[in-house]
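To start, the structure under review is shown below, and the notes come after it.
Order of writing sets the chain letters: A, B, C and D. Residues in each chain are counted from 1.
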Amino acid sequence: MYRTKVYYQDTDAGGVVYFANYLKLFEKSWFEYLLSNGISLPDWEQQGTFVLVKNVLLDLLDKAYYGEELEARTSVSDVKNAQFTLTHAVFRNGKAIARGETLMVCVDVKGKPRRIPEDFKKRLIACQTSSATMI
Amino acid sequence: MYRTKVYYQDTDAGGVVYFANYLKLFEKSWFEYLLSNGISLPDWEQQGTFVLVKNVLLDLLDKAYYGEELEARTSVSDVKNAQFTLTHAVFRNGKAIARGETLMVCVDVKGKPRRIPEDFKKRLIACQTSSATMI
Amino acid sequence: MYRTKVYYQDTDAGGVVYFANYLKLFEKSWFEYLLSNGISLPDWEQQGTFVLVKNVLLDLLDKAYYGEELEARTSVSDVKNAQFTLTHAVFRNGKAIARGETLMVCVDVKGKPRRIPEDFKKRLIACQTSSATMI
Amino acid sequence: MYRTKVYYQDTDAGGVVYFANYLKLFEKSWFEYLLSNGISLPDWEQQGTFVLVKNVLLDLLDKAYYGEELEARTSVSDVKNAQFTLTHAVFRNGKAIARGETLMVCVDVKGKPRRIPEDFKKRLIACQTSSATMI
């Protein structure tokens, strides 16, 4: 989960958040979400496991304006051996204004695909289970 | 079509182009592609027609590094009354390293959906036909 | 004051925060600093007063890496009739890693310079006084 | 020298180029300027010489709007043993709309300051001389 306001740097000449900036918000959201579930991406990098984005879906449902408060939330929707899927939503006053999905792959320091390390995977699965329970 | 190099500003600590920056490359590509087909987005804005991104798909096929030359190409894949779909690809040395699709909607100055103006639509359809012919 | 972590989006292929991104951090810092002192920039825009950046100084003292926590702080260092100067610093663990200054000018909706509105200016001067007192 | 248009991604809700984006334009300008003078920054990185920004000055003289064509130009204004100064300007229709200066330092792969390599320095000095001659 990541809360932020819309600053000038996030907007474009249309007066609203520039579409590509929702992906940046997703990144902040998944970083904090994973961290709060015991998965520190910077720590895993130190140990040689890197996480890359492979695929992105983004749906823009409404506009967001300068000064507004946004909240991005992430959940784990699928976990495989070497990749996992995250689902993201951005809310303003509790209403979703953007939704998205990112397929993440694990690679080693040379960029070669590798299995998700055991502890990392265990925690992802725990996230997934708890998200499912919340529904 | 838009040619660029990868500058520091496009990369991240992983040493490659940051995933969200492909969307920025798409924007430059569609702007130039439409312009070269007689559709100036800034001119249409002057006349009250704005084009927004509604949906995005992005597939990352390979990495791109600092200093490399990239070429982004756009084509029109679908044209409806109030929206159209653009298909994008980013190439390095003729090999696709990213692909994507953006669903674009026409809105008026207040952000309300409107039909694509006649001349704009005619040109989009001409683009679509010529893309189809190229295949 | 604005606290953030360094995310991938903030870094470049050198592995550290991209130099221009410190200005974005300054913007978030001055927005929040002014807001906490009763100056809401978005509200002033609604009333026809816009604040533009005219000049920037930036000194990079140290590097910041992915995952690190940063804190940006702003103070008011000068207030004139139509412009004011903000001083910024970015800290990591209490140590300054970047410093900067921005000269801000007030303009109307057409971009013409205008005097800082009375209430806005009064609050800026209060900020300046309290900063001075802290030293 | 670097020519570009102003795209949506460069602008903010004020309808003009976001101030920090001028620094990104400077980077593209110095990259291309140095390259055209025989200094390939990515090649020097391969050989263990990295160039960092240490100081920035930025003056915003006029606004730039969506769709406008800009040209950024760089020149070498000072060369020392381990650092050099670049001067930048951004023009629209031949009129400067932004000016700036960046102090660059050479570091090794670990980020430690190092002397500018001989060939690199020789070329910088040649740039400086030819800039001076142009005036």
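Everything below uses one rule, namely that a residue touches a chain if its C-beta (ideal position, glycine included) is under 8 Å from a C-beta of that chain, and two chains touch if they have at least 3 such contacts.
Predicted model, so just to flag it, every value in this text is computed and none were measured.
For the pairs A-C and C-D, the count of C-beta pairs in contact is higher at C-D. Centroid distances from chain A, each centroid being the mean of CA atoms, peak for D.
Here the CA centre of chain B is 34 Å from the CA centre of chain C. With centres defined as mean CA coordinates, chain D is found 24 Å away from chain C. Between the CA-based centres of chain A and chain C the separation comes to 28 Å, rounded to the whole angstrom. Residues of chain C in contact with at least two other chains: 8-9, 14, 20, 24, 27, 66.
Considering their complex, residues 8-9, 11-16, 18, 20, 65-66 of chain C touch chain B.
Considering their complex, residues 14, 19-21, 23-24, 27, 50, 52-60, 63, 111 of chain D touch chain C.
The residues of chain A lying in touch with chain C in their complex are 5, 7-9, 24, 27-28, 31, 40-43, 45, 66-67.
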